[in-house]
Every structure is written in structure tokens, then in C-alpha cells.
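In the two complexes that follow, chain A is the common piece, with chain B as its partner first and chain C second.
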Partner chain A sequence: MLTIKDLSVKFPSRFGDVTAIEDVDLKIRPGEIHGLVGESGAGKSTVGAAVIGLISTPGYIAKGEITLGDTDLRALTPEQAHAVRGDRISMIFQDPQTSLNPLMTVEDQLIETIQTHSAVSYAEAQNRAVDLLEEIGIKNAAERIKSYPHQFSGGMRQRVVIALALCTDPELIIADEPTTALDVAVQQQVLDLLRDLADRRNIAFLLITHDIGVIAQIADRVTVMRNGKTLESGETAQVLGHPQHPYTVALMDAVPPLDHKIPRFRLPVEDDIAVQSKTKGADAKAWLLAGEQTAPTGLSVNNLTMRFRGTRTSLWQKPDSFTALDDVSFTVRPGTIMGLVGESGSGKSTLARVLTGLLHPSAGEMTLGDANLPPAKQRSRHHPSRRLMQMVFQDPYSSLNARHKIGAILAEPLWLYGLVNDAKQRRALAMAMLDLVGMPADSIDKYPHQFSGGQRQRIAVARAILARPKFLICDEPTSALDVSIQAQVLNLLKDLQATFGLTILFITHNMSVARQMADDMIVLRNGKIEETGPSEALFSKPAAPYTRTLLKLTPKMPPEWRTA
Partner chain B sequence: MAYFILKRLIQSVFVMLAVAFLAFSLFRFVGDPITQMTGVETSVADQERLREELGLNDPFITQFVRFTGDMLQGDFGFSYRTRQPVAEMIADRIPATLELGIVALLISLIVGVPAGVYTALRPRGVVSQTILMTTLIGVSVPTFVIGIMLIFLFGVQLGWLPTFGRGGTVQIGGWESSFFTVDGWRALILPAITLGVYQLTLTMRLVRAEMMEVMRSDYIRFATARGVPMRRLYFKHALANTMIPVITIIGLQFGGVIAFSIVTESVFQWPGMGLLFLESIRFVDIPVMGVYLVVIAFFFVLVNLIVDMLYVAIDPRLRVKDAA
Partner chain C sequence: MIALLKRNEAVWLFVHSPAAIIAAVVAIAIILGAAFAPWVALVDPYDLSSFSLFDGLLPPVWEDGANPKYLLGTDDQGRDMISSILYGARLSLFIGLAAMTIATVLGVSLGLAAGYYGGRFDAIVMRIADVQLALPAILTALLIDGIARGLLPADIQQELRVWVLTLAIALSLWVNFARTARASTLVQMNKDYVQAAIMMGQRPIRIMFVHIFPNILGPLLVIMTVDLASAILLEATLSFLGIGLPADSPSLGTLIRIGMQFLLSGEWWILWIPTLFLVALVVSINVLGDFLRDVFNPRLR
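Showing the complex of A and B:
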């Protein structure tokens, strides 16, 4: 029904046109979910944008055909194209937080869309909207429809987005990373909903995602893209089970398995971005090892509680308080990696912020090694734990100061903690450290924006390590990265951990990654520990029902699709 | 909501107290009130008697409390220069300044918002570029030059519009208004344009910047993908989301327009508060200056309170959270 033939999209730039996608072929039948998979920069979203006619300016379609049924989408005038949007083709966006107009009620947005495309009365449109929300799984729809988007939770909001895309009965829906911003439980519900809509209403879906697990779970057919070109296309079981193209093989390999632990993440062989020099950062390694020759340091936390005071809305009522961490106790054994998993809002990041002294806990004690770790308000700027405990953040795009050169970023921990007082020596050490984390030496005079996400995360890791820490907190260090890059960064972390005897608290929402990284595990839910224990035991025989649910909901591939 | 407004009101009281304190300090410490009031021939004994009678020997706090208390009861003291009650003088002048300010604000909104939307939607068009350039000139040229140029063109050369005063006014319950006569409107046009030009430019550029930002947002892209008509997309979805930051600045600016209409009023001999303030400075008429300060501060506080309430009206996220 949707046929794309030889489609090329170009973006003009000062240095001539940049080709975003080239000669893309794609066919989607009614009721089919067609997965479009690839890493960032592959041009997946551009394909979706081209179909719906919303390529961001100044991009343009250089050649090719896009036909929907009998309609040649490229031949339409702008007005006709706009009439097709919503009516025959609709779209679901990634982030339900930002894809609804915050100032209009859900009802207004639904009715507006319905009335745009069919000549029905207000009351009729209203009925249709309520029915649709019911169908999509929003309880009490007649009442909830009067709410504003911010009054819905993330998953419910994505349902509203789907309802908006559906309300005009389109033939094709382009879903651009529809579940990337959602928790596994919600993701599962949304995926089930998409499958159900495809089967029952015979709607075709173009499912754009970087997550192979999602594709494996619901797509009928799949197309693999890289650098703007389609590499492989076919039945999902065929393409993912017996990948022909080496890139597809590599992509499959880089996905960490959930059902067993492998010693290292497998890398797509053809392009490890890490630069391996002969010295391999020996200077930096020697310097780091020459630091304190003490045994690895553990961390223990006793009865930690963190309550946030709500906003006051009335003079007479006390504001509601929100308990982010509720009586949390655990111990991280020296020299091991503790995995911390949980859904968003479970208190994972709050815990990291309490440990690093950014938030003052309401109650509880923390111990780092043998010394008491004072809570935020009592922890002075010069407290030794400031150096001993370092952090790697989730988003490498905002955790490095955009106006500092890499050299300055890496030298900062060295002078801040008084480790190296000579500027020349600091620079030499920073250079050696770059080598150690697999970055070219000339990076030192560049700015963060000149690097890719994976490279930036390497720099962030290097910065943390240069403080000679004993304890490292990694808060979702790879959730913003593609699988192959994720594999590289996590391997690097593992190597550094082994070399320097670091103790790591590894926070993630990805169960597969947790299984590969962690020695021990904590499962956190609503600020409470659901389950804790040695990682392998926890994954093979989960005790808490919640852990079992999490494991069950994580999209996985049939084991026979694995090459190793 | 009620709590929110109450909180703002309490904050406002503190702001007003601080301003009253400033006004009082000005009154009390800039020069000696007694020497201002009496002539050279008054004896020292008489001066002392007057000082005692007026309570100027009382402790500082007592005087400040009395000053604030009098203010609250509408007793603003007497002008050194005209011997009239200051309250009356200010009340006579407020309508002129307010009417001028409001018309200037309306002009800036009626022209500025659509121009901002237009230039945001067609950023590279010739018309947009022309508008942007013209308004750039508008902000770079000082107000008095614009005023004088307008007077020269429309008042002197073409002779279409009067160049000074308020023209015909009508008394409505103590409010002297020029809204009800053709003459009054004619007199209002030039000063209002002069006063509004700066705010117009600011509004337009702000609307433009915000609008361009909003047009890139996901919810606009999603609405486009749903085929929502373009007109509705621009004026319902995008413009409402543009207005929140715009209202803040417009509100702050409106306070400024009222407060600093001094230049425009003096160019056009507009009998408003600004002109009164200028005259008071010339004669070191401290009580009038003090009260002027308090009145202007009151306008600022009031406008900001209205802006805060507008936020709540526009943005549902700021309203009291319902049980989700």
C-alpha cells in the first residue's frame, strides 16, 4: 500500500548537498508493522518525515517515488499534502511529554483533529473522541478527556498521542521511536496496543526505532538502515534470525543478552571507534596506579530516607510530601559493581544525588570505606569523599562544559583536588588519559561538540577516573547511546574497573545491560528496595514478583536468533 | 489559586513598605524640610516651634509609622511649591498619563503581535526583513527625537495633528478623559505613537523569537502531522504558547511606560505625572517626588500582580493540581 522507490533526500549546506538518505526502497502492506531499524544518523526519521511531507527545512527530496495506495504523494500541492496528513497518514512522536499542546485539553485537541477531517457536529466528534480513548485503554474517558496533557502520566500521555493519530482513521501511521521515552512496563502496553491496532483496524505502521528488541517483538517485516542506505529487508524472523549483511550481524551481536552473562560486550568488528596507540596510555595508568595503594573501598548505606516537600497550594493544608527513598539499606562490596535498576521515578537518580552530596537526606547513614560519609549539608567542599567518589552522567551532551576544551575539562580534577600542581604535567597526563580511554591525542585541543556521543562519554569517564576515585557512580551512562557505542563504552568501564580496583554503582533501567555489568543487584521501586542479592542468582531465580515482571516485560529475541 | 494570589499580595505589601521607606527617607533627609518651608526672615525659635509641631523631633520609627499611616489614609501631605495637597495634584495628573500609557500599549500590541507572528512565519521574506530593519531604527533612535520628528512632520509640515496638550477633555466623575472627543483623540495620537514605538519593537521581536521557537516544538510538528489547518496551528496552538514569556515582558514594560513617560510628556507638553515630576524636580518639591515614587511603585506592583494572574489563566500547568 505504501511504496517507496529509490527515495533520496538531500540537505543543502555550504559544502554542497549532504545526502541524508539514498535510494531507499520500502513496501508496507495494510495491517503490517514494518520495522525500520538503525543507529542514530542512519536516516530512519528522514524516511518517516519524507512520507508525511515534513522534512525539516532546507531538506528536499532529490528523487524517488512515494505512493500511498494510488496517490502519488510527491505530486500533491502543499494544500493537498496537508489534507492527506492526519486523514490518511498520521504520526506518533517519541516523547509524549512534548508532543501534546500543553495549553489545550485533550478533548479540544481530539475534537479539533476529528472536525478537521470529517464534517461532523461537535457533539458527534466528542462522542467519537471518548469512544476512542476508551478503546485505547483510558479508563473513565468521559471525565479524563477534560484534562490537560500534564495531568496524565507518561504512558497515558502516549496513549493520548496514539488516540490523536488514530482519530481520523488513517491508513498508515508513522511511529518514530514511540516507546523510547517509556518504562518497560508501559512500553509493553504501548507495543501491544500498536499490534492490536494493526491486526484489528488493518492499519499499516512504519515503526522507526533503534531498539532491536522492540522490532523483534512486534514487527512483521524489518528494514535495516545505515548511513542513509537500506542494507537488508525482509521478514523479521528472516532478517534478524539469519542476517545476511555483516552490519546486521554486528548490530545483533552488540545487543546484550538478557538470559546469560557474557565476559565482554561484543563489538561490531568493522569499526571500533577507539584508537589504539602503542603505549595505550601507560603513563596515565602508571600515575593512577601510583596513587594510594589501598585496597578497594566499599560503600554501605543504612536506612536512607529522602522526602521532598510538595508545593504549597493552600494556607491551611500542609503540603503533601513525597518519599523518593524509603528506608533504603545496602552494601556495595569493595571492588565490585553494584547494579541498580528500576523504572523512572523509582528513586535511582535521587539515590545517586544523595550519595554524592547533592541532596540532603531526611534520615539515614552512609559509610564510604571505613569513614562515615556525612550528608550533604555537613559535607564540606574539601571532604575527602568529594574526590574519592566520582560520577558519570547520563547525557554526555550536557555533562561536559561546551565552552571548555577537552584539555581543560580533563585537567580540572587534577588541580581541583591538588593532585598535580604543574600545568605542563597536567596536560601530559590528560593526553595520556585520552590514550587510555581510546581517544586520539589531538582531542585535547578540541571542544566537546566536535565529538560524537560515545566519544564524549569516554571523555566523561576519563574525567571521573583522573580524580583517582575509589567509588564511581554511573547514572545511566549509555542510555543515550547506540548499542554498538554502548558496547564500547561499557567494555571500557569494565576494563578500567578491573585495572584500578574501582567500586561502581551502576544505575540503569536496562535489565540486559545490568546483567552484563553487575556483580550484585538492587531492584528499586517507588523508593523501596524490592530485591537485592548477587546478580546471577537474581537474574536466574528472581525472588520478588516485581523483578519477575520486569524481566518478563523486557523485549527479548528468540534464543535461536543468536549467533553466540 | 487563592493561596497563590494571597502570597503575591503579601509580597506586594513588603515591596510597597520598602518603597514607602525610600520615599520617606527622601522626604526626611534630602535637605531640611523646615528651611524649605520657611523664609529667611523666620526666627530660629519659630523654626524650632514649627519643627516640634510637625513632629520632626520624634524618633525616626515614629515618624515613619506616621508617614505610612497618613499615606494609607490618603493624606499625602502638601506640596512645597503650590501649597496644594499632593494627593489632589497627583489625582489631577493620573488620567492623562494612564490614558497615554494605555493607548501606547494598545498600539504596540495591535501592531507588534501580528508583525511578530508574520516575521516568524516568513523569516526570509522581503517584507519581514523590511519590518525588522525599520523597527531596529525605531529602537535605536531616542524617544525625544522620534517625538520631535513626528511633531515636525505631522504637526508643522502637514498640520494634521496638534503638537501639544490634551485637546478637548471630558470630566467623568473626577476623571479627566480625552477618549470622548475627536479633538482629544487627535491630540493623543502623536504622543502615544512616540511612547509606544519602543515597546512595539520589543513586543514584535519577542513574539517573533518565541514563535520561531514554538514552531520547532514537537507538539506543533505533531499538530501539523495531524493536518490541523495552518491558520489554527499558528494562531491557536503556537500563539498561545508564545504568550507566556511575552506577557511577562509586556507587563514589566508597561510599568516602565507609565513611569518613564517623562520624556514624551515633556516633548508634547502632556499634562501628566511625568511633567509634574519634572516640575517638582526643578523646584526641589520633595513631597511630590516622594509620592510620585510611591504611586509609580504601586503601578508596578499592580501590573505584575495582573501578569501573575494572567499566567494562571493561560497556563493550566500553574493551576492547582487536580488528582491525576
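Showing the complex of A and C:
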């Protein structure tokens, strides 16, 4: 039904035209969910934009055909294209927070869309809107339809977005990362809904995503893209189960499996990112292993509670407080990795901020090694834990100061903690450290924006390690990265942990990643610990119902697909 | 890569913006002329022996009865208009730059600290800023001028006029810097690199000036140019009203005030030429400020 042939899109720039996608071929049949998978910058979204005719200016289609049924989409006048958009092709965006108008009720937005595309009376449009909401699984639709977007939860909001896309009974829906912003439980519901719509209404879906688990779960066919080109296309089981192209093989190897732990990710192409030098940062390694750095240090937390003051709504009433951490106790054994999983809002990051002294807990005690770890307000700037405990943040774009050179960023812990007092030595050590984390030594005089996300995360890890810490907190260190880069960074963390006997608290929302990293696990929900225990036991025989649900909802691949 | 591109991009945008080029040429010409006034100017308006009353009230060269020696004519004392303007611009620019510098240092320090510490300190600084904003800039300047006149002995007063004026202007401009610096700091505070620095136990002063400050420089540079223009205008206004600089060391505002007397008697150039000159200076600085804002804020492009 949708046929794309030899499609190329170019963006003119001051340095000549940049080719965003080149010779892309794609065919989607009615009722088929076609997955378009690739890493960031692969040109996935550009394909979607080209189909719907909304390539951002000044981009243009250089050549190729796009036909929907019998209609040649490229031959349409702007008015005709406008009519096709929304009527025959709809779009679902990534973030339901921003794709709905916050100032209009859901009803108004639905009716507006329905009336734009078909001449029906207001009452009729209203009925249709209610039916639509019921169809996509919103209970009490007649009542809920009067609500504003912010009165719906994230998953419900994405359902409303889908309802909007369905208003005109389209033949094709382009879903651009429809579940990326959602928690696994909600993601599962949305994916089920998409599958159901494809089967029942015979709608074709172009599902754009970087998440191979999602593709594996619901896509009928899949196309793999890289650098604007399609590498491989076919039945999902065929392409992902028996990948032919080396890139697809590498991609599949980098996906962390949920059902077993692998010691290390296989990375056949450590091409553009990791530079493996001969010395492998021997100097840095020797320096880090020297000094008092010997016995691993554990951490224990007793009855930690963190309450935030709510917003004041009345002048006389005290606002209700919000409990982000509720009586949390756990122990991280020295030299092991503790995995901490939970959905967004479960208190994972709050825990990290309390431990690092950015937030003052309401109650509870913390112990690092043998010494008491004072809470934020009592922890002075010179407290030894400032050095012993370091953190790797989620977003490598904001955790490195954009105006400082890499050399200055890496020298900071050395200088701050008085570890190395000579500027030349600091620089030499920083260069050796870059080598150790697989970065070229000439990176030292560059700025953070000159690196990709994965490279920056390596630099962030290097900065943390240079403080000679004993305890490392990693707060979602790979969730902003592509899956192959994620595998590289996880490998790096594993290597460093083994070499330096670090104790790590590894925070993530991704069960598969947690399984690959953790020796012990904590499952957090609404600030309470649901389950804790050795990782293998927890994954093979989860005790808490919540853990079982999380495991069941995490997209996984059939075991027979494993190429290893 | 992006910074390199950006740097190139600034140049590229500049070359493709005629308004910015013209403004830059005008501003640079005026600034150079003012800076080198003692070497460029025909006569020294402060030195009575360098000009003669017999040359008084000569019109610009394109009018009848002009002396080609004095391109834009002379005033009633026989002073060459170009020379007066260059010396006047020298004073105006000096006061403008000095006031802007004081306002920047004061405002940025307070704004950074307010954004960093938050809480009570933030509230106090920002309420003072609010009060300052409620007073018109001229009123603040008048107030400080009045206080200085009352406190300082008469002989020092004349010497310190320039500094009193500078301080008065600076105090009415610092709020812009404080507010912008605070708002930008609040944005940066949520970034992980600042959180990392706090977590590591770095000194607050270092976090503020080494880590945050370079990241909020963009918007501050824009305000600096715009406020330089405001400072020059404010000085001209005060001098025009007669509370700025006296007639024996004339700034552009003083020249315009003096020129007022000749407006109705036919010697229009004594008023109009310094006025147009001031307009050209202020407009060109403002255009450059707008250009900088476009460079630093790609969303407005």
C-alpha cells in the first residue's frame, strides 16, 4: 500500500548538500506494523517526515517515489497534500506531553480534528470522539473527555494522541518513538493497542524506534537503517533472528538479554568510538592502583526517609508532604554492583541525591565503609566521602561543563582533592586516563561538544574514576545512549569495576541492563523497597508480584533468535 | 566542532548582515575618533588659545560663508564642531563604558550569588532590584547626584563630577545584569555539571565563577551592548538637563544643551550635528547588540 522507492532527502547547508537518507526502499501492506530501526542519526525520522510531507525546511526530496495506494504523494499540490495528511496518513509523536494542546480539553481537540476532515455536525463529532476514546480503552469516556491533557497520566495521554490520529480513519499511521517516553507497564499497553488497531482496523503502521525489544515484540516486518541507508529488510523473525548484515549482527549482540547474564557484550565492531592503544592507559592504572586504594568499601543505609514539602494551596493549611523515599534500608556488599530498578517516580534518583549529599534526608542513617556518612547539611565540603563517593550522571550532555576543555574537566578531581599537585603530572595522568577509557589522548584539548554521547559518557566515567573513589553511583548512565554505545559503556564499567575493586550502585529503569550489571538487586516502587536479594535469584524466581510484573512487561526476544 | 562552526557562523552571519556591517563601521569610526581625539581633532576645545572668537558661528562647508577649514562649522566661541564632538564623545563613551563595567560587575556578582544560594539571600537581592526598577533611572541618577553635591566639599566636587555621574548611571543599570545573571544561573543550577561540582565539594565561589559564569556569558554580552547604549543616552540626558557635566568639559549631552540656545537664531548646526552624532552612536551600538542576540540565540533567527 505504501511504497517508497529510491528515496533520497538532502539538506542544503553552507558546506554543500548533506544527504540525510539515500535510496531508501520500503513497502508496507495494510494491517502491517513495519518497524524502522536504527541508531540516532540513522535517518529514521526523516523517512517518516518525507512520507507525511513535512520535511523541515530547507530539506528537500532529491529523488525517489512515494506512493500511497494509487496516489503519488510527491505529485500532490500543497493543498492536496494537506488533505491527505491527517485524512489518510496520521502521525503519533514521541512525547504526549507536548503533542497535545494543554489549554484545550481532549473533547475540543478531538472534535476539532474530526470536523476539519469531514463535514459532520458538532453532536455527531462528539459522539464519534466518545466512541474513539472508548475504543482505545479509556473508561468512562463520556466523562473523561471533558478533561484537560494534564489530568491524564502519561500512558492515557498517549492513548489520547492515538485517538487523535484515528479520528479520520487513516490508512497509514506513522508512529515516531511512540513509547520511548513511557514506563514499561504503560509501554506494554500502548504497544498492545497498536497491534490491536493494526489487526482490527487493518491500519498500516510505520513504527520508528531505536528499541529493538519493541520491534521484536510487535513488528511484522522490520527495516534496519544506518547513516541514511537501509541495510536489511524483511520479516522480523528473519531479520532479527538470522541477521545477514554485519551491522545487524552487531546490533543484536549489543542488546542486553533479560533471561541470562553474559559476562561481557561481544563487540565485533568497536569501530569509531573506542581507540584501543597498546598501553591501554597503563600509567593511569598504576596510579589508580597505588596509594591506599586496596580494600573495597561497602555502603549501608538504614531506615532512610525523604519527604518533600508539597506546594501550599491554602494560607492556613500546612501543605501535604510527598514521601519520595519511605523507610529504605539496604546494604551494598564491598566490591559488588548493586542494581537499583524502578519506574520513573519511584525515588531512584532521589536516593542517589541523598547519598551524594545533594539532598538532606528527613530521617535515617547512612554508613560508608566503617564510617558514618553524614547527611547533606552536616557533610562539610572537606568530608572524605566527597572523594570516596563519585557519580556518573544520566545525561552526558549536561554533566560536563560545555565551556571547559576535557583536560580541565579531568584535572579537577586531581587538583580538588590534592591527589596530584603538579599541573604537568595532572595533564599526563588525564591523558593516560583517557587512554584507559578508550579515548584518543588528543581529546584533552577539545571541548565536550566535539564528542558524541557515548564518548562523553566515557569522559564522565574517567572524571569519576580519577578521584580514586571506592564507591561509584551510576544514575541511568546508558539510558541516553544508543544500544551499541550502551554495550560499550557497560563493558567499560564492568572492566573498571573488576580492575579497581569498585563498589557500584547502578540505577536503571531497564531490567535487562540491570541483569547484565548487578550482583544484587533492589526493586523500588513509590519510594518503598518491593524486593531485594541476589540478582540471579531475583530474576529467576522473583518473589514480589511487582517484580514479576516488571519482568513480564519488559520486551524480550524469543530465545531461539540468539545468535551466540 | 559546534563551537568552531558557531564561531564561523558568527562571522558568516556578520558578513551577510548589511545592518551589522554598517553599524560596526560607524561604531568603530566613532570610538577610534573619540579615543584619538587629541591627535585627530583640529583644536582642543579645553584650550582657549587654540581657537579664536573671530571664527565664531561659521556654518558647515556646504552653506554660504563657510570656512573650508571647519568642515561642520564652529560654535559661538569659534570652536571647531568636529573637535568638540570628538572630545565630547570621548567623555560620553568613557562614562558609558565605566558605568557599564561597574554595573556588570555588581549585577553579575549579585545575580550569580542570588541564583546559586537562593532562599533568603535571593529574596533580599531581588526585592532590592525590584525597588530599583520601580525608580526611573533618571531619578536614581538625580538622587545620587544630589547626595554627592551635599556630601562632598565644593573643590573636590568638580574633580569627581565624572565619577559621580558614572556611579549614578551604574546604579540605575545593574538590575538588568542581576536579573539576567540570576535567571541564567537558575537554569544552569539544574544541569548535572553544577550538581557534580557541588557534590565533589568545590568552593561555592569557584562553582559560581569558574563553572557557571562562562556558561551564562552569552545573554550577558547582549545586555552589555544594549546597556552601553542606555548608559550613553542616560549621561546625555543628565548633561542635557544640566546636572551632568559642566560646560567647560562638554560631553555630547552638554553640547546638545548648549546648541539649544542657537536653534531659533539660525545657527542650527550647533544643535543638530552633535544630536545626529549621538543618534548614530547609540543606534549603531543597539544594532550590534541585536546582532549579538541573534548570534547567541538561534531560536530567534
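Going forward, the second predicted complex is superposed on the first by the 557 of 564 C-alpha atoms of A that agree within 3 Å, B and C clash if a C-alpha of one lies under 4 Å from a C-alpha of the other, contacts with A are read in each partner's own complex, and residues count from 1 in each chain.
Going forward, contacts are C-beta pairs under 8 Å (C-beta built on N, C-alpha and C of every residue); 3 or more make two chains touch, one makes a residue touch a chain.
Small disclaimer: the values here were computed from a predicted structure and weren't measured.
Which of chain B and chain C touches more residues of chain A: that partner is B.
Once the two complexes are overlaid on the shared chain, A:401 sits against chain C while remaining clear of chain B. Of the two partner chains placed by the overlay, only chain C lies in contact with A:393; chain B stays clear of it. Shared-chain residue A:357: touches chain C; no touch with chain B. Common to the chain B and chain C interfaces on chain A is no residue. Across the complex, chain A is touched by residues 1-3, 12, 191-193, 195-196, 198-203, 211, 214-215, 217 of chain C. Against chain A, in their complex, chain B makes its touches with residues 2-4, 6, 217-219, 221-230, 232, 236-237, 240-241, 314-317, 320-322, 324.
Contacts from chain A toward chain B in the complex involve residues 52, 54, 82-87, 89-91, 93, 95, 98-105, 109, 112-113, 116-117, 147-148, 150-153, 161, 164-165, 168, 312-315.
Touching chain C in their complex are the following residues of chain A: 14, 356-358, 380-383, 386-387, 390-391, 393-395, 398-404, 412-413, 416, 447, 449-450, 467.
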